[in-house]
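In the part that follows, the structures are each spelled out as structure tokens.
The two complexes that follow have subunit A in common; it is paired with subunit B in the first and with subunit C in the second.
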Partner chain A sequence: MNRAVDPRDLAMDGDGLAKGEVLLEVKNVSLRFGGVKAITDISFDIRKGEIRAIIGPNGAGKTSMLNVINGFYTPQEGTITFRGEERKKIAPYQAAASGIARTFQNVALFKGMTTLDNIMAGRTLAMHRNFLWQLLYFGPALNEEIANRRKVEEIIDFLEIQHIRKVPVGRLPYGLQKRVELGRALAAQPSLLLLDEPMAGMNLEEKEDMSRFILDVNSQFGTTIALIEHDMGVVMDISDRVVVLDYGRKIGDGTPDEVKANQDVIDAYLGVSHQDEGEG
Partner chain B sequence: MLYQIFVDPFAQMVSMPDFLIQVIWEGFVAGILYALIALGFVLIFKASGVFNFAQGIMVVFAGLTLVGLHEAGVPAFLALILAIGVMALLAIAVERFVMRPLVNQPEIILLMSTIGMTYFLIGFGEFVFGGEPKQMITEELGLPTGSSAFEIGEQGLVILQHIDIAAAVIAIIMVASLALFFNKTRIGRALRAVADDHQAAQSVGISLNQIWAIVWFAAGIVALATGIMWGARSDVSFALEIVALKALPVLILGGFTSIPGAIVGGLIIGIGEKIGEIYWGPLVGGGIESWLAYMIALVFLLFRPQGLFGERIIERV
Partner chain C sequence: MFYREAGQFKTTYAADQQVFPILQDRIGVAVILFIAIAVVPFVANDFFMSAIAIPFLILALATIGLNVLTGYAGQLSLGTGGFMGVGAYACYKLATIFPDVPIVAHILLSGIFAAAAGVVFGLPSLRIKGLYLAVTTLAAQFFFEWCFIRIPWLYNYNASGAIEVPGLTLLGVTVTGPAAGSIPRYYVVLAIVILLTVLVKNLLRGRIGRQWMMIRDMDIAAELMGVRPLYAKLSAFAVSSYLCGVAGAMFVFFYLGAAEPSAFSITLSFQVLFMAILGGLGSLVGCFFGAAFIWILPILLRAGPPMIGIPIAAETATHVTSMIIGALIVAFLILEPHGLARLWQIGKEKLRVWPFPYA
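Then we have the complex of A and B:
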């Protein structure tokens, strides 16, 4: 693939960690909604530079885990340590400011806005001119707008979506919406990228494209990725390590091969303990 | 009777075109002010889903603050800047003490809180500035006050108040700058993002609290401009608040989330109301201002149930 993108240009802001060091550590996290235990005493870590898959049957608590990591949910117990800083409670916009970007299981784009504007919105945190400068629009705020626009165009090239730059995203087919959403997350140049089922509902070809983008993001930009995915083929193919959840508990953690051989995991997926899992 | 309803008014329009133009112009100017009030509603509703019952009183409060400061001896332009500052403080206070604590409550609670805010602002305004009507400081702000007469045709005459022309120009400039701000700047984009999807907006690093403070401030500025314009035509008093209710039919017509809808809707109601009042009003003995606007809105809705610019809903199947 010949892409006109210089990887250093889009690499995330330096977080001072070497490849393989712990970037994010989840420790004894429990999350309840009233009586529903979404997550129970889960611990795992994500290391710098890896693709870390989070898998498990429906309702296992995967999305809840991402919501805890990016601040949508505050766990009742446990701690999250990101880049060496432990935190108990964090607002989502602060999580974003600290270098965490994400996509959503049900595409959550700004439907009325174009592809370009959606991805520009992803650069919110890279733009600093304050409200008053913005009111003036010209001068520094305009220069900033232009510089960021250039970055966004690189992302658009990278994801091969030039042809839909000016299309309101509400009109795009699902597969492309997912790709735009990835673009919006990449625009923040995050050090940790959370992807919630980026390939759900895609056909084989679209899945292959998406896998390739994820691998390229990881290898070219050095972005650490946490990936929720139901397609076991894809998961085993592209991830470095896998954590397996079931009924809110962690039942497996290791390389794809280790996880595949884990008896609890096999049971969960074959429905020995409960009979509700069709996908996978 | 049928003649009086369906023929006579039109005959009058044709026989006195200059008077018709005068009526349309008056309606247009009133329409601009309706549109500005509706615009304030739309800004807040889009960004937060809150129906801001207090938008009307904000117009009065902003106008009173400006005039009150001037009466207290502050030079006009300084008073204007201070009034803008007061609207900023109000926005910050609303975000901090109304929006933030009530954020996940049902919409009805937020509506109630804006009704509460209305009474607070009335009480507070009366306490600080007194209850009697005040004169807007039109000349002191450098706004024109005279009028010009234009000849139309043989012996027709249309009189335009300069302040009305200024109102139109200022409204156009304000709407154009808002459009530019919304479409071309980071914060404008963030505002649109929040209007579309709260969670996604937060995930890209937008702080809802900050955005809410900004939209309330923007609505406050719009209210101040409306208060000045309206105050210059009548005077600044709490009676204005009633007139602000005209924004409701405008919103029914234009849609609660559409800025172009607020503007066009405001103009349609303003002009339609004036024409109805002048040409058909005498038939029912006058006094139709209070309900005609709603009639116009309802008649429009019969033909376009989604409102004027009702955002077409793109459903996935």
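Then we have the complex of A and C:
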């Protein structure tokens, strides 16, 4: 099964937006847990077709921001507009139905299921045959299963994980689990893909592979990506624009070069490069 | 040597997705079905059919029911006995109100009542998990036991307080009641168990089964893939209780013949739970292993010593059997926490690479 993946097969065309238009807009969002302010008055946007990085020190509110975007948390203040529709409170499955998929900081795969089933799980929303057809596993239900299997196999080819297709994911090494999780999110053919530290805990080679996959997803499928990542080398290399959070507030926003030059960002997070002082 | 999949290439996804992709497995299943259908009824005596084969099949179905809920959907339940009782009493009422309708239709319908009961008592699962959920299903168990004792309408105001199965015929053959022979009963039970096992397997390998496993393995991620926990959990409760209800109805109509409320006590719930755990949670073949282990082994242990000429008092045999079974359960769970199904799987993997230790 070495045929090339046809980008049109996996692309998400449903949003009808041209590249560069605003896909998601976060406006004045604040999120509190009791007295703890996780996010304070944050606004930024994500444009169709870009790779948008969210960076910041630990506890800055990055993951909380993703949780707000896909409906796990409901912010006390502010609005989120996705594909031109403003929404206040939304359940995670509704967010999924509207075209937002994500991966998790700590791999959240379905451990008892195989790689194939995990990625098939990502296609839950693409499958509609009712209970009675499911009971028979025949006719329309079987055709639907096979049509979705074909999509899943394209993703498996794309991520080069054919050899682990039938292995329960609990037995896979960490790097591959991360890749399967990316596959599961891609299977939903999202218009916005949220990646929460896709390279955490990886070695250099795995990071390079993952960076390549992210760039390929973005260029081949046209998927808009928002990612949280701590590896500044990766972030500055692959992202189009970066938003920087610190203590729940936005302290910087712009292209990687602008962010690198921003004094607030340097103080809070990036620090001063030691390369200037020569190798120690 | 004989158990190899080498050379068995799949060229379509349909072929790859079949239940038994390996030819030898298909042959094995065909042989087992042939033995169950065409050999057992003609070889086995009446005791084997009535006391071993029939209850084994029925309890295996109940175990499948519990396994759908606990093994596949991850919702712990102690209400199995209660749901089986709902099926049994529903079937009894249906059979006495509409005696002309074929009994198989009553059996299959009675599961729907159990499914409805399961959905109602499954509602807490939307907020409660794990052991706490088990406690709320325990409430279902006690509630239904209370109903079976306190609502005389359920047992048609019988003076004994028990339900007594009327003699019903299917295609001219008496299949229930005291006059029914063991072979017709066996065939009806076997047919229903095979049918429902196939249907459940289809559910499990499709979208709905995947949703259950998603909820079991990582409910947060499942929601993010578009699974609605409400539907996924309640459908698991419904299907599980349906199977338990059908098993309960068959338990009374084809095995016990008459039942008091105590037949569906918490003891039965635990028995089925042990079958599911020992057989292997999340495995259909494990349900049959577990049911065989818990149901058949004690009978063999009791019948064994007299057969080989060791005189042993019936009471002593019962006590010794309980001790041995208890010890075996503990030993098995220490050796293989994933149950007999996992042992079976390991055995098959070893056989594939034999004579080498690994591939």
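By our rule, the second predicted complex is superposed on the first by the 265 of 280 C-alpha atoms of A that agree within 3 Å, B and C clash if a C-alpha of one lies under 4 Å from a C-alpha of the other, contacts with A are read in each partner's own complex, and residues count from 1 in each chain.
Everything below uses one rule, namely that contacts are C-beta pairs under 8 Å (C-beta built on N, C-alpha and C of every residue); 3 or more make two chains touch, one makes a residue touch a chain.
All of these numbers come straight from a predicted model, not from anything done at the bench.
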*Superposed on subunit A, are subunit B and subunit C clashing or fitting side by side?*
clash
_Taking the superposition on A as described, I'd like to know which of subunit B and subunit C A:Arg150 touches: first, second, both or neither._
second
*asked:* Going by the contact rule set out at the top, does A:Gly201 touch subunit B (first), subunit C (second), both, or neither?
replied: neither
_Which partner chains sit in contact with A:Arg184 here, subunit B, subunit C, both or neither? Use first/second/both/neither._
both
*asked:* One more residue to check, A:Ala108. First (subunit B), second (subunit C), both or neither?
replied: both
*Between subunit B (first) and subunit C (second), which, if any, makes contact with A:Tyr174: first, second, both or neither?*
first
*asked:* With both complexes superposed on chain A, which partner does A:Gly84 reach: first (subunit B), second (subunit C), both or neither?
replied: neither
*Taking the superposition as given, does A:Gly233 touch the first partner, subunit B, the second, subunit C, both, or neither?*
neither
*Between subunit B (first) and subunit C (second), which, if any, makes contact with A:Thr124: first, second, both or neither?*
both
*Which partner does A:Pro92 contact after superposing on A: first (subunit B), second (subunit C), both, neither?*
both
*Can you list the residues of subunit A that touch subunit B in one structure and subunit C in the other?*
70, 72, 91-93, 96-97, 101-102, 104, 108-113, 117, 120-122, 124-125, 127, 129, 131, 134-135, 137, 141, 145, 184, 188
*Flag every residue of subunit A that touches subunit C in the complex, lowest number first.*
70, 72, 91-93, 95-97, 101-102, 104, 108-113, 117, 120-122, 124-125, 127, 129, 131, 134-137, 141-142, 145-146, 149-150, 153, 184, 188
*subunit B-facing residues of subunit A, complex*: 70, 72, 91-93, 96-97, 101-102, 104, 108-113, 117, 120-125, 127, 129, 131, 134-135, 137, 141, 144-145, 170-171, 174, 184-185, 187-188
*For the complex, which residues does subunit C have touching subunit A?*
12-14, 17, 199, 202-203, 205-208, 210-211, 213-214, 216-218, 220-228, 235, 282
*State the interface residues of subunit B toward subunit A in the complex, per the touch definition above.*
180-181, 184-190, 192-193, 195-197, 199-208, 214, 311, 314, 316
